[in-house]
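Some structures are shown below for you to check.
In what comes next, subunit A is part of two complexes: it sits with subunit B in the first one and with subunit C in the second one.
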Partner chain A sequence: MTELSIEKLHNLLINGEISSEALIKEAIAKSYEVQKKCNAFVTIIENAKAVEVTDNLLSGIPYGIKDNYSTKGILSTGSSNTLKNYIPIFDATAVEQLKKAGAVAVNKTALDEFGMGGTGTTAHTGIIKNPWDLSRTCAGSSSGSAAAVAAGVYPYALGSDTGDSIRKPAAFCGIVGYKPTYGMISRYGLFPFASSLDTCGVLTRNVKDAAIVVDAMKKQDEKDLTSWASKDMHLYESINGEVKGKKLFYIKEIVDESNYPNISEELKKHLQIFKESLKKLEAQGVIIEEVSIDKELLKTIPSVYVCISCAEATSNMSNLTGIAFGPRGNGENIYEIMKNHRTVGFSPLIKRRFVIGSYILQKENQERYFVNAQRVRRLIVDRMKELFKKYDALILPVSKGVAPKLDELNDEINDESTVLLEEHLQIGNFGGFPSITIPNGMINKMPVGINITGNCFDDINVLNIAYALESQMNYKDMTAGDYRE
Partner chain B sequence: MNNFTREMVDEYANKLLIGLTEEENKLVLKEFNIIDANMQLIEKFPDIKKIEPMTHALDSYEYELKEETGEVESIEIEDLLKNCGCYEEREIKVPRVIN
Partner chain C sequence: MNKYKAVIGLEMHCEMKSKTKVFSNALNNYSEIPNVNVSPIDMAFPGILPRINKECVKKALMASIILNCKQPEYLEFDRKNYYYPDLPKGYQITQMHSPIGVSGKITIDCNGYEKEVLIHDIHLEEDAASLDHYDDATLIDYNRCGVPLLELVTEPCFSNADEAIAFLETIKRIYQYCDISEADTRKGQIRCDVNVSIMDENSTTLGTKVEMKNVNSFSNIYDCINYEIKRQSELKASGRYDEVIQETRRYDEESGTTIRMREKVEAIDYKYFIEPNIPKYKINKDWLEKIKLAIPMLPKERKEKYINEYKLSEYDANIIIKEKDYADYFEETVQIGADAKSAANWLIVNIIGYLSKNDETLKDFYLKPQMLQEIISAQNSGQISSKQAKEIFIKCLEEKKHPKEFMNKENAQISDKDKISEIITVILENNPEQITAYKNGKTNLFDYFVGQVMKETKGKANPVITKEILKNKLDN
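Right after this comes the complex of A and B.
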């Protein structure tokens, strides 16, 4: 039953055809099965209790929480050894909101340590595997959430997105990943990575479910002064699939085959699937145009992202010392104790990121790296906002194809040939734009995804376009192994 | 182009109280060079210095002062100490800092 949509489960619960208790029991049992195969969880909440089913669509339905959300009385590690025993004394606002709605958390999902990675290989609990093919990555950082939703453990799991951490795992796992406009969901209780980019969001198996969950999570929160009032924005109720006359654009420098002189068969197929998706939208009266953006500007995206995110992360995570919380390090004096805690506790990848952040933040380097990156961030966002005056949304393929094999991964900065395909989702974080990935095809029995990004506060429009496209394809409510060529 | 060295990488790591292995140091050096090359590209953008740095995702962000209500939420010390690895009674224990 847990492979069904939220709407369907709610109807079954309301009609008394299933009980919340049975659903939770099933989700916990499936969690153990998926843990064996995919290593997707840090904690399985064995004693999760059924709740009363109300009119709220989420009541009584199980879900998963990414382990970088603070959960009162439940281990919350950020998938880091530096917090391996940390049990918060408060709930993140988003979690509190879902509790109020009657949602029942059944596990905490593993992630790339503190969200700082895109491969699902840096969690302190080990590598997270893709349920479609256990030899492949889920991408990251919301790897455990993506694996669990794709495996049908429950209809949704929470994610967070600083560069593409919800939207790329969604593509690699054949599900939906929705990052709303920055500040729609309070970040209070989300372990900070890069505060000017971090966004809470959700992974589901269809667009309407994503709207239902974010409707429940969002609120203006006095504990997060960057959150804004969205109470008059009813995402789920506003989805109607009417897209006739909408104008979309794609970026030539990312989509055109001529950009890839040594194009692989897989990328060729991925771009062909993308174009077929565009035709499906055009058949519904959507106008789609090709737009050219200065390639030199686009090429800076990964470095701008690395500079801003590493600098902010270095500052945000300076409180991880093992003194007031976290396992105490060894040493003769306070500096040795803190250094031991951080050296032993952090994975090699995030240590490297921190050192880059440290270098960038040195007084003599700030202007050249950090401030220039912030300037280019504005150039990119201004260009997008200019385009959003003319177009309702940007549409692009996600990544260069299907989830890579784990043994072929490379966590260094991407090589130049396909870097734009791999990194363009970061534009969504630069501008705080609402952005959603949905599955749009299969290549060699693995899913691929397509992304729709719109202007700030235009979440309804973005969801509606995604819903219209989803309705014309055969990938809604797909679970791993459910091959739909 | 900056000439990054192993020693520089270790120095910046040490400032953060982080130790790096040889391999980690090598990878940081490689990444420094990639970022630096891209920063050179950025410096060539016309009038880059005149552009206002973007520090926040939303332009429409408004700063609002919170009202002084006189009520401040506080957390019990006992609760805070629950995640501390080493404490005595109500205080965190650390080695002597001043000799």
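Right after this comes the complex of A and C.
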């Protein structure tokens, strides 16, 4: 049953055709199965209790929480050895909101350590595998959440997105990944990676479910000064599929085949699938135009991202010293103790990012790297906002194809020619834009995704366009192994 | 050693008064019990975010206005990054790029002359936790962690310790008068970094700057500056000025000397960058106007008022404005009708003395301005003698009773001329020998007769009237 949508489960619960207990039991049982296959969880909450089913669509329904959300009384590790024994004394605001709605958390999902990674290979509990093909990555960092939702453990799991950490795993796992406008969901209790980019969000199997969950999570929170009032914004109720006359654009420098002289068959197919999706929207009266953006500007995206995210991360994670919480390090004096905690606790990837971040923040380098990165970020965001005056949203294919094989990841990272296809989702974080990925096709029995990104506060528009497209395709409520053409 | 002049600059950190901490909702209360005023934010648990205490921002802006600083268009904060166990986040939220006030100045009184002090900047930040070191362990008390701090940085513009202390006293008083801080050095609420350099009397080139960190009482600051000037001057005089290096030292109270901590070349890079969790906040003109209007009358203005309007001496005025409590008490007493000079006298001579002897503050002082006013007017109208007034003052405090209780008819001074005259007549009749002696030139017997009247009236006879009548009767 847990592979059904929230709407359907709610109706079954309300009509008494299933019980919350049964659903939770099923979700926990499936968690153990998926854990064996995909290694998707840090904690399975065995004693998760059923709650009373109310009018709230989420009441009584199980869900998963990415392990970088603070959960009161439940181990919260950020998938890092530095917090391998950390049990928080408070709930993240988003978790608290879902509790209020009657949602029942059944597991904490594994991630790339503190969200800093896109492969699902750096969690302290080991590599997270894609349920569609266990030899492949889920992408990251919300790898465990994506794997679990795709495997049908429950209808949704929480994610967080700093560069593409919800939206790329969603694409690789054939599900929906929604990152709302920055500040719509309070970040209080989300372990920070890069504060100016971090966004809470959700992974689901259809667009309406994403709207339902974010409706419950969002609120202006006095504990997060960057959160804003959205109580008059009703995402779920506003989805009507009306998209006639909407104007979308895609970026020529990313989508046009001519950008890829040695194009692979897979990418060719991926771009073809993308164009078919555009046609489906056009058939509903959507106007889609090609826009050209200075390639030099686009090419800065990954380095701007690295500069800003690493710099903020270095500072954000300075609280991890093993003094007040986390395993205590060994050493003769306090500095040795802190150093040992961090040396033993962090994976090499994170350490590399700290070194970069620290270098960027050094007095003599700040202007050249950090401040310039912020200037270029502003340029990119300004260009996008200018386009959003004319267009309702940006539409682009996600990645250059399907989830790569785990043992080929190193080659993937070094592929210069397709870097823009891999990194363009970071634009959404630069501007705090609402952005959603939905599955839009299959290549060799693996799913691929398409992304829609709109202007700040324009979440309803973005959801509506995604919903309209989803309705014209055959990938709604898809679970791993459920091959559809 | 007078051939050198000193150049001194100050960084004054002062803990602010507020209901809650500056970036969390834990109480900002001094507590002897460790770790009672702590929130998850102060502990820097993963996922916490700062809030911002508007009361602190308002008070910091008030200080910025009083110091004639320029206020920024937007309120912004920065992170100062470094590792130390008293700093749980691994960074301090402070203001580097856009402090709450820059380029200010203030005129202070220093031993009778006026001095203009230039303010580099004033900024709002958070305090760190406090560490208690033991032989085998160090304990962390998070009570102080996140307590609002106002850091005031002067230009190097003082030429001696007296000026520096006069400045600190002035600022301390302003903070107290405006309720910005209790500014209590005994609670460690004020800590200063002091930098000192010396140069030839006629030179305009600054010498090598030496910084002393965390000096915590005004008398220590005073001694520290003087020691450092002496140390540097001696080295310079003996041709060893190259031994004065740019460095950070600390003041050692026990030996009264300064001791090297680290050289400036080893200075830490704090990697300041903007705090991304606190969005830029526009400081609008209306708000600034409102804050300006809320600034209470400051000590300097009050002093002028006491001298010009109440005709107090500068000396007395200076004593009264020293503490806001004194000034408030004084003004209230005058406002409800007491003679200003009498009120000043009572405060300076009796009350302040009493408070320091009994280690009390005016806040818990029993005798309220209303009561003092009653004593003063009773005395000034002749209803009681000055001796009685003092006795009543003491009795009120001892027995915690209203002065009226001691000003009943029995205790009242006898000012009735007829009654006193009657008593004097009886005394004179009983002392014929003394009268003769007096009339024969033994005039000091006058005091004997006064004494007899006082004995008869148990000291209640109005001495002025007694003397007047006695003189009349004896001389005629």
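To be clear about the criterion, the second predicted complex is superposed on the first by the 480 of 485 C-alpha atoms of A that agree within 3 Å, B and C clash if a C-alpha of one lies under 4 Å from a C-alpha of the other, contacts with A are read in each partner's own complex, and residues count from 1 in each chain.
Going forward, a residue touches a chain if its C-beta (ideal position, glycine included) is under 8 Å from a C-beta of that chain, and two chains touch if they have at least 3 such contacts.
Small disclaimer: the values here were computed from a predicted structure and weren't measured.
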item	value
First, second, both or neither for A:22, with subunit B first and subunit C second	neither
First, second, both or neither for A:127, with subunit B first and subunit C second	neither
Touching partner for A:78 - first (subunit B), second (subunit C), both, neither	second
First (subunit B), second (subunit C), both or neither touched by A:376	first
Touching partner for A:70 - first (subunit B), second (subunit C), both, neither	second
First (subunit B), second (subunit C), both or neither touched by A:346	first
Touched subunit A residues, subunit B compared with subunit C	B
First, second, both or neither for A:188, with subunit B first and subunit C second	second
Subunit B versus subunit C as contact partner of A:325, first or second or both or neither	both
Contacts of A:303 with subunit B and subunit C, given as first, second, both or neither	first
Touching both subunit C and subunit B, counted on subunit A across the two superposed complexes	86, 89, 196, 222, 225-226, 314, 318, 321, 323-325, 334-335, 338, 358, 362
Subunit C contact footprint on subunit A (complex, rising order)	69-70, 76, 78, 83, 86, 88-90, 92, 187-192, 195-196, 222-226, 311-312, 314-315, 317-321, 323-325, 334-335, 338, 358, 361-363, 366, 370
Touching residues on subunit B, where the partner in the complex is subunit A	8-9, 12-13, 15-21, 23-24, 27-28, 30-32, 34-35, 38-39, 41-43, 45, 48-49, 51-58, 60-61, 63-64, 66, 75, 79-80, 82-86, 92, 94-95, 97
Contacting residues of subunit A [partner subunit B, same complex]	85-87, 89, 181-183, 196-197, 222, 225-226, 228, 296-297, 299-300, 302-304, 306-307, 314, 318, 321-328, 331-335, 337-339, 342-343, 346, 348, 351-352, 354-356, 358-359, 362, 368-369, 371-379, 381, 412-413, 429-432, 456
Of subunit C, residues touching subunit A in the complex	40, 43-52, 79, 81, 83, 85, 88-91, 138, 140, 269, 271, 273, 276-279
